Every structure is written in structure tokens, then in C-alpha cells.
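Below is one structure; the comments refer to it alone.
Which chain is which? They are A, B, C, D and E, in the order written, and residues in each are numbered from 1.
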Amino acid sequence: MTPIVKAILDKYEGTSPAVKANLARILMQGHLGGTGKLVILPVDQGFEHGPARSFAVNPAAYDPHYHYQLAIDAGLSAYAAPLGMLEAGADSFAGQIPTILKVNSSNSWATSIDQAVTASVGDALRLGCAAIGFTIYPGSDQIFEQMEEIRALREEAEAAGLATVIWSYPRGGNLSKDGELALDVGAYAAHMAALLGAHIIKTKLPTDHIEQKEAKPLYKDGDFASQAARVRHMVQASFAGRRINVFSGGATKGEDAVFQDARDIRDGGGQGSIIGRNTFQRPREEALAMLARIIRIYKGEE
Amino acid sequence: MTPIVKAILDKYEGTSPAVKANLARILMQGHLGGTGKLVILPVDQGFEHGPARSFAVNPAAYDPHYHYQLAIDAGLSAYAAPLGMLEAGADSFAGQIPTILKVNSSNSWATSIDQAVTASVGDALRLGCAAIGFTIYPGSDQIFEQMEEIRALREEAEAAGLATVIWSYPRGGNLSKDGELALDVGAYAAHMAALLGAHIIKTKLPTDHIEQKEAKPLYKDGDFASQAARVRHMVQASFAGRRINVFSGGATKGEDAVFQDARDIRDGGGQGSIIGRNTFQRPREEALAMLARIIRIYKGEE
Amino acid sequence: MTPIVKAILDKYEGTSPAVKANLARILMQGHLGGTGKLVILPVDQGFEHGPARSFAVNPAAYDPHYHYQLAIDAGLSAYAAPLGMLEAGADSFAGQIPTILKVNSSNSWATSIDQAVTASVGDALRLGCAAIGFTIYPGSDQIFEQMEEIRALREEAEAAGLATVIWSYPRGGNLSKDGELALDVGAYAAHMAALLGAHIIKTKLPTDHIEQKEAKPLYKDGDFASQAARVRHMVQASFAGRRINVFSGGATKGEDAVFQDARDIRDGGGQGSIIGRNTFQRPREEALAMLARIIRIYKGEE
Amino acid sequence: MTPIVKAILDKYEGTSPAVKANLARILMQGHLGGTGKLVILPVDQGFEHGPARSFAVNPAAYDPHYHYQLAIDAGLSAYAAPLGMLEAGADSFAGQIPTILKVNSSNSWATSIDQAVTASVGDALRLGCAAIGFTIYPGSDQIFEQMEEIRALREEAEAAGLATVIWSYPRGGNLSKDGELALDVGAYAAHMAALLGAHIIKTKLPTDHIEQKEAKPLYKDGDFASQAARVRHMVQASFAGRRINVFSGGATKGEDAVFQDARDIRDGGGQGSIIGRNTFQRPREEALAMLARIIRIYKGEE
Amino acid sequence: MTPIVKAILDKYEGTSPAVKANLARILMQGHLGGTGKLVILPVDQGFEHGPARSFAVNPAAYDPHYHYQLAIDAGLSAYAAPLGMLEAGADSFAGQIPTILKVNSSNSWATSIDQAVTASVGDALRLGCAAIGFTIYPGSDQIFEQMEEIRALREEAEAAGLATVIWSYPRGGNLSKDGELALDVGAYAAHMAALLGAHIIKTKLPTDHIEQKEAKPLYKDGDFASQAARVRHMVQASFAGRRINVFSGGATKGEDAVFQDARDIRDGGGQGSIIGRNTFQRPREEALAMLARIIRIYKGEE
């Protein structure tokens, strides 16, 4: 184990050696192993947007093996997916890459801003996962129920030695559409995930919009024009860097934008990217090349 | 065990030998045993439409023994029914055909698009079943609750060595009536069942309608005019064929239509039919003849 | 045990010897013991209509002992009542007559078409009961919750060796007032109870009204003008006679109507009556005489 | 034990010796010990109306010890209060008077006609209580949930050897304001408590109003002008006197009215009073004198 | 242990030695150790108002270690915070100050007047806490559910030897905005917490407004113009001083106001302050100086 990774683990106080070991599995994996940085491949788009909108542009991706292999070949840190998706390659790829079982999911037809719990800690143990993943929607009418679900799942996961990753995505309720990506809202969402006991916090990259009237005075003296500065604030809101922050890639976009995001995350002190559609919706070779460059960026090589 | 069946079972990674053994029981049963194809008799119409609309045209079918005997005599792969229906022949037909306990059901008077859980995994074990069956209604306001119910039941079934069959029938919410049978919606529904961990996925045969605006561009280059092509897409959406797909027969219709469906399912790479009203609402001899021909179609003999 | 009773018990496949023994206790009890017919005294009117409307016309009936003694002296098959009512005579009458604990109840002030669960399987065991009784209201907005309650209670009862009696009374939702007693609706209700695993099905005697548009063609060729024919259809809908059907007496009415009902139930192949208000709201001697005659009718003696 | 108390206990059939022993503790306590009559001090006004409206007129009563001491010094049969109130004197007064833990409570700000469960059977055991107390509101939209709560609590209490006291107070739903105190409604409420398995039934003293249209004919021939006659009907509705009935004192009123109530309860065959505000809202000496006289009334001494 | 603390503990009747030991840990800690007074640092503002509104004015406070160190260096009695916040310093500060795990929390976006349960008694045990903390909102539509949650958590905490602190903050329902801070409402809220079994009751300092019409006559003769008199009434409403009362500091305000509050709490017989924003939103040295002076006030030194 590298000193950088040891230093990160040391920040996880009140955490069992088993959970730390699973965090270490992720942090020591792949091309970024030992650097304290990480890139995770998430494939829950099938639940969220359906199979055609997820995989039709790259039909090889209909096969669950495709994603395991992509994550392994790209030298990523971990692979995150819902139950069926992980299970379908569980034997073939056992021990080749840490997996994160996404235990709740929404879908395109949802009539409330909520998710269904679709897998259990027992499933994660059975499949040899390193962590569970759970989405909360701060701002939604269902946020209290979501918090109570992850409270119970996190406690059960911790008792089983699994780490917990929280996707914290502000949505609904009194939030404006711009507010969902606002800096104050994103920092609040990251902080909530930290307070709930997340070991790894996944958020979106925020804009420089400030949503809450009461928060505006507190941001007016800071300079949040650069994305790196906003990332730095997100890290600050995550217990001043005591928790790992990773940022989602969002919808498919140009390669240059993807690389710039990675540089900003790195320069702002974020630990990495969780990048799905921007990889598996590209041809495999193109995706591998892109991921290689992202890894070089996180290594500070470019 | 035939190599074809072994190859199918090998796709069920992360699955216990006990569950695989129950899948094998179904795949090795009857006239299609060993071919990798299957035909299942489902008799849950009594819950869904009431006894008269189900059985009055063929009164012998009021007797639960009738259906066991029909499935056995026709050389089918399995028989699926609710608790009382299975129980009423459980001793007489023990060990003669694999049974699937349908653990939830709706009815004609339902005032919400939902089902009641009407049997348990414990019941399935007690009755010697090979699998449980569960319906979800993607699109409905209750879909999250349904998913959480099958999540728990599937985990319990798996721990008990039973396979899980999910009936995935889009209905309600923002779906249009045409949308319930749309190709994109059907593929999404099949994919959801796979993500939820279904071992066997039961859907309806989709039309060539595309419901979701965002999905239209992704389908416009494909040729889905033929039913076989649409079946092929459903299989693709089910983890690129890593899960068994069976298709329901729908309302009673002409024999030719039934046979054409079977040919299309076969040609599209589907594993088989789950065919209820089209059998037990015909006179027994006629039903047996029809099933014999369906089996020959799946064997590629006509 | 008589061959008739043995034949009835043999129809209960997949059922434990303990449950069969409790069914046998009921079928071998009293003046109808061994005939395969049964008459049950139910006293849940206190919950349903309150004490004055139930007992004021015959004040001796305010005392729970009255009903035990009436059922015993009349040579009935079983006595069914809510928790407090059964408990109040549990020591005095222990072992003298099989008892059925009614585990849910409604009341005159209910603001939804539902019932409260008011007793448990543990209570039934403690009081030495032979069975639990549970009401469902097919058609009501709460039917799914009711089904899920009886599903759990039935499983627990079966594991404890107790039989399950389901009162299946269509009410509410989209049903018209006439529809609550319609033949198609009653047959559907009886079938649902059978599918839920009821060992004894209690319904009302249906009229010849057909409620469901889709069901009308299926009934138009049958002759359901006589009540006996309608009873025969109810029995048919109950797994072609594989389950015991008993019919409720309804509101207090003339003796001749009560006797005619019994003849029609007998002639239609029903197993018996569950008759409350028509007995305990009459003077004791009159009630005993009436019950004696009903028993003779079921014996085919008049 | 006196023959009168033994006779009362004998009416509790199907009840464990442990529960009977706790009923005996109450019936053998204080100045009425052995007479079969009882007076209970309830102090749940702090929840229901707040501390100032309960205790400001007699500030010594803010101290939980005050009530224990009052009940003991007055020679009452039991003291009933919520968790915190009982706990605050649990060591000082252990073994000096039987206590009843009130396990649910409402408050002045409630926006539904319901109560919260605020203590458990485990709490009652830990505090050495003889019984639990629970309020139901027959007629309210929440009555089914309340019944299901007391069903579970009663079963747990019984298994632990504790008696159950049900406060049955009609309120809400379709009941008119006058109806809450109507004789037919009160008798129905008492009967419901008995059916739910209450060992002691607490109701309000009813007026001669008859609320239910269907019940009017059944009461028109009785003479319920006197309060004693109405009490007698309440006792009749409680399994013809097989259950202990106590009546609440209501809001603070003149002493003469309190004494008249006690005489009417006694003459009508009720077992006693549960009297709170009329005692602790008076100066201690005045309250003791009043309680002494109530006790003499129940003893038939005046 | 000092006689003052022993006297306080003796008031906790019916309470296990383990819980008393944890109360003693708090009462014997820091500069006020042994005086019977206490000052607690609560840091749940991150959940309630978000990180920027909580910490931006004093960015060092983004680090969870900051608060542990502040509470220790100021010689406070305990430190209260949500799960993640406590966990993040759990190893570094183990055994240095008693901690209180705040097990429920709201947030600025909540669309109902409620909180989510975000931690468990198991978490509190694992982190070595002395107590759990829980907020109720008397008056809100959710108060019954909140009471049932704390009922269960308190019982579990007590069985594990942990003390329970209840934050009782009237809000919502029929309460006016002024009513939330009214004296009668505050006293009612404190009394409810005591009845629920709180060992330490946290409320806001009330105004002299009386909200409830029925309560006005009961307050009109008292003199509640001074804040000390109002504190005295709050203590009276908390079982006449048998429970520990602490008062929250409210929004950031001038130092003089903070000191006056402490004097009033002391003079009115309250046990202390729970003071968050007024400390961590000031520079550390300023906060330490302020806390030192508050402690001197509670010691009666100024």
C-alpha cells in the first residue's frame, strides 16, 4: 500500500478494518492504483433510460460481459452496476476488479422522484462486491424515506465489511431546474452524503449558480468562476477532504470536455471520475483510448 | 443433460447450483427436454378474469387436476399457477412436472394497477415447486413497490434454491395504450426483469410501435417490421441472450396465429411460449394437438 | 371416520395431517358428524352491528356462554366468534365443540371498506381453536391489503396445524349494489378464496344477476333460475367441489326461507350453512327447533 | 382473597394465572380491596391537555411523586400514567400500589383523531406494572389501525402476564358530537373493547341519546332515563358483566355530581371509577376527603 | 462524584445504572463537571442549513475535527452531532469528551415538517457515545410518527445503557408562528419530552406569549415577564425539576444576549445551554473566550 492510500484510509475513523480493506481494494486497483485517484465505470443506464437508449449506439454493450471487460482492460478502479448486470459476469470476472452493487434504481417512467431498492447487502456479499451504491435525491418529497433506507443499508453493509457509495443528486421539491446543478446545492448534497456516513461521495459537477437566497451572501466573496474552484468547494463540503469525492460524467459529450472535467476534478482536489455513458456509448477502442488519457490526467502526466 | 442446456445454465453466473438444478428440471422436462426450448402452461386466469370467463367454455377446466394433466400429457416444460390451484393437485401430481408458484396476482376489479402478494417462498418449498413467478407493471405508479417486493422474494427464493420467473407487463402511468405493447417499452421491460435478477423473463410479443420520443432515433435504422426481428431485439435486451425469454400467448386466437407466434419466437432466438388461454379454453384434444404442433415448431420440425 | 369425510379430506392435497385433523374435528362433530355436511354458528354481529342490534331482541345472548351452549345443544359442527367472545367461554366449554377464531372484523362506523385484524394465530392456538376465519371484500379498494394479510395468516395457521376459513364478500370499488350478490361475482369471490388457499369457503347465496359485461355471454346458455343451480355453480367455481362451501344465512328472515335455503344448498352440492342472526335472534327453543330441522334437511330426512 | 374477587377472576376464562394475579393485585388493593369495586387514579392529562391546564391550579401536582402519594394515601386500587410519569416515581413507590402504564396518548395539537404509541410492554415489565392501558376511538378514520395496535400489544402483554385496560372513547368519523356520548354508541364501544380482549373496560358515562337510526327501535322499549339504568346496559354490553367496567369522571365538576356518578355506577352494577382531573385539580386534602367518600359509596356505606 | 450530581442522578428513578453512568459522564465532564450544570456543543447545522450557511464564516469549521477540539478545549460537557460528523473524529478523540449521536435530522429543502432517522442505537454504541439525540416537532402533522420512532429508539437505547436527549421544538399544524415560541407551548413541549422518557430535555427559550386560548386563564396570575421566570416554569413543566433542562442558543447573536440567556437559565433553575452556531460561527479564540465566560456564569462566578 502506498503512503497516499494509507493517508486516505486513516481519515476513515470509526470505520472497521474490513471496510477499509474494501476501500483499499478500490484505491489499489488498476492503472491509478496507489495514486489516491480513481475512475469507476457505472452501468445503471439500463434501469435509468432503458436498453436501447443505453446500448443501441454500441450494440456490443448489450452484453454484461462487455462492461466488465472494458473496466478491466482500461485499468479502472471499480465497476458499479445493478444486481442482474453484476451477476451476469460474476463468475467470469470474479476477483478481476472490485465491484459496487447499485442497490437502488429509478427508471424513465417513474411517476415520483424516487428509486426502488432492487438489491440487498446479502446480494453484494454473495457476489463478492467491495461496496454498495445508493442514490438519494435531496430536495425531493421522498428524501426522508430515501435517507432512512440508506441508513439501514449502510449499517448492514458496514457490519458486513462493505463500503458505502452515495450518489447524491438534488432533484424535485422546491428546487429549480438550474438549482439541481447549483454550487450551494451540490455542496449541500455532498455534505448530506458525508453526514449519512458515505465512504465515497458521488455528485455532479456543479455550475456557478447559487440557488438558495440565504446562501448567496456566503458565496459572494468567493471566486467560483472556475470549475476547479467549485470542485475544491465540494471537497471542502465533504468534511474538508476527509471523504473521497468522485464526479459523474453526465450525458455523452465531446472528448475535450471530458478531459477538461478530469483536469478540473484533479486540480480541485477531487479523487476521480465515475464515467459511464461517455465510455460505453463510444466504440470500445475509442473508449479505451479516452480512459487511458483520463488516467494520465489523474496521474498528472498531462 | 444436453450440451445446449448446459450452455444455457453456464450463462447463469453468480447463481447457486440449487437454482441451476431447478432451471435444469424445467429445461430437461417433456417433449422439449434438452432442446433449450420450453413451453409453460400458466393458469392464473381465475384470479385475473374470474372462473367463468376462464373455464366456462371448457368446464372440465374448473378442476385444478385438469391443468396438471394437460401439461403432463402435452409434454410441456412446467406448469405455473397460484397457491390454491397448485395445492389442489400437489399430491396427485408430485414429481410429474416442474411447477412454478405464481406468488402475486391481480383481478378484474382492481382499482389500482397493482397485484397482491398471495403466496410465499415457504409455500413454494412446501409444494415442491421449481420456481416462483411474479408480475411487475413497469410504468405504473406502484412499480417501485412491486420491485421491492420481488427483490425480497427473489433473494429469499434464491437462498432456498428456487428460480425466479418475472412477468414484465408495462401498464399505466404515462404509458399510452399502444405503448404497452411498443417495442422499445417491451425491450425496456425485459431489461428491467433481467436487472432485477429474473432467471426466466416473460413478456408479451411487441408491436413495431416505438413509444418513447427519445428512443425513436435509436430504432429508426433497424428493421423491426417482422415479429422475429422484434423477438431478436427482446432477446438482445435480455443481456444479449444470457437470460431465458418466453413470450405469452395473449387472448384466445386462431391456431394459425398461435403457430406463427411460435415460429417467430423460435426464429428470433426466444426460448419459448407460456401459453394459457389458448390451450385450456380449447377442448382437450384440440389443445393437445395444438401443443404438439407448437412443440414440433420449437424443435424445428415444421 | 366415515368414508364421506375421508373422501373430502383426500381432496385437500398438499395439506398437513394437522390441518386435516382439524377439518375432521369439524366434519365429525355434532348431529351432522360424518355426513360431509356442516352447520356453523357465527357470532361476530357484536363487532359488525353492535350489541343492541345483535342481542337486544334476545337478551340472554348478551352472555358469551349462551352461544357456546346453543351451538353444543343444537349439535352444530363448529362455533365461530371474535377473540373476546371465544375467550369468555374458553374454559367452560373447552373440548365440547370445535371453535373458529374470527381474526378480523369491521364495524358499523367504518369509513373504509376494510376490516381490522383483531386476533392472531397465537390466540387461536392458545384457545384451542380448530381454524381461523378471515373476511375479504373482493372489489374494494383495500382488497390487495386484505389478501396480503390472509396470505400471511394462512401460512402461519397452516404451519400451526389450523385450518383457514375465508368469508369472501364482494363489496365496494366498481361493484354495483346488485353486483355484490351477482352470480358471476359470487363465483369469482369463491374462486378467489380457493386460490388464496381457503380450506372452507364462506359466501352469500347469489342472485341470478350477472354483473360483469364480459361474463354475460358465458352465463347466457346456462340455467341459473333456481337457487340450487346457482349453488352448484358456486361449488364448481370452488375447484369443482374440491373445497368445502358454506353459505351464510343473511339477515333474519322467515323460517320457511331459511329451510328453503338449506334445501337449495344441499341440492346444489354445497356442504352447509353458517347461520348466526337467524338463530341467536330467535328465542332459544325456537332456534333449537329450527336448527334441528335444518340438520334433518342436510341429512336428507326432509 | 375474598369470594367476590375470586368470582370476578373466575369470569376471566382463557386467561393465564399471571394475568389473573395482576387483576387480583388491583382488586385486593386499598380501601376497596376485596369488595370487587375499584377506583383508579389516571394522570395522562399532561399529554392530553398540557402541564399548565392540568396542574397549574394545584402546582404541587407538577411533581410526579404527588400522584403516587395521592393514590396511596387515598387507598385507591391503582395508578395509571404515561411512561415518564410512572418512571419518575418507580423506585420511591415500588410495590406500594399497582400501576397501569398508559401506552398510547394524544395531545391538544393532534391533527388527526388518533394517538401515538408512547410506551411498550417491555417498559411496563421493567417498571413492575400490573397492566397496560390503551385508548381506541371507535368511529374515527384510524380505528382499524388502533385496533391492530392494541391487538398486538394485548397479545404481548398477555404473554408477559400483564392485564389490558382499554379506554374506549367514540370520536370522529360519522359520529355526531352528541353521538360520542350516546347510550347505543357507548354500549357498542364497551362491547368492542370486550371483543378485543380487554380485561378492564373504561368508558364515559353515557347520556340517554340514541345515535344510530337502526338502533332506535331496540332501545325504545327500555327505560334508560336514569344513569344507573344506562350503566346497567353498559355492563350488559360488556359480556353480561363478565368484564370489569370502570367509568371516567370527565371534566372537573362539583362534588355532588361526582358522588352521584359513583352511586349510579354502583347501582347499575359497574365496578368503579377512574377519576383524574376531579382529584388532582383539587387541593390534596379536599381530594382525599372526596375520594374517601367515593370509597364509602362503593362500599355501600352511604 | 459530587453530591449535586448524585442528587440529580437520584431523580432518575426506574433508570438503569448504565444510563445513570452515562448521564454522570456528561455531568462530571469539563469545567462544569460536578456542578450539576452543563454546556453542550451541537453541530447538526450541516444537515439543517447546509455546509456554507454553517461554516463559510469560519472555514476551519468545515473539518469535523474542529468541533471535537473546540468542545474539548472549551471544557464543555458533551458534543452532539450526526453520524458522519461524529464518525470522522471517532478515533482521534475517543474518550476525550462524551458524545451524543443525533439520530434524526431535517434539512432546508424538507417539504414536510418532519425529520429522517439517519443513525441507529447500534451506531451510537459502536462510536462509544453516551447518549442519543432525537428531535420531535409537537404540533406537526407527523408528531405521532415521530413519537413512535423515539419510543422505539429510546427503549433500544435504554436497553443498551445509553441516555436519551429529546429536542422538543413545536412547529407546524395549528400552531401560529408566534406560538412556536410561546410559553405555554414550550412548557407543553418540555412536558411531552419528559413523558416520553427523555433524560435530558432540550427546548428553546420561550417568549411570554401564550398561544392556547384555554391556557390563558392559567397563566394570567403568574408573572412571566422575566426570562428567568419563564425558565423556571419550563423546569416546573419538566416534572418539577426531576429532569435536566437545557436550552438552545438559537441563531447567531451578540455576546451580551448570549450571556444574559445563560444567566436567565441559571437563575430560573435550568441546567445549561446547548450552543452551536453562536460558537462555531465565531473565530475559535473568540468562541473559547465566550464559552469560558458562559461557564463562569453557570458557576455563579459572574
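The definition used in the following text is that a residue touches a chain if its C-beta (ideal position, glycine included) is under 8 Å from a C-beta of that chain, and two chains touch if they have at least 3 such contacts.
Quick caveat: nothing in here was measured; it's all calculated off a predicted structure.
Under the touch definition stated at the top, chain D and chain E share no contacting partner at all. Taking the definition of touch as given, a chain qualifies here only if it contacts chain A and chain D alike; those chains are E.
Overlaying the C-alpha trace of chain A on that of chain C calls for a turn of 145°, given as a multiple of 5. The distance from the centre of chain A to the centre of chain B, with each centre set as the mean of the Cα atoms, comes to 36 Å.
Put simply, the C-alpha centre of chain B and that of chain E have 58 angstrom between them.
The residues of chain A never reach two or more other chains; the list is empty. Chain contact topology: the protein chains form a single closed ring, every chain touching exactly two others.
If you check the complex, the residues on chain A that touch chain E are 11, 13-15, 138-139, 141, 143-145, 147-148, 151-152, 155, 170, 173-175, 184, 187-188, 191-192, 194-198, 212, 214-215, 218-219, 236-237, 239-240, 242-243. Across the complex, chain B is touched by residues 46-47, 49-53, 56-57, 59, 62-64, 82-92, 105, 107-112, 114-120, 122-123, 126-127 of chain A.
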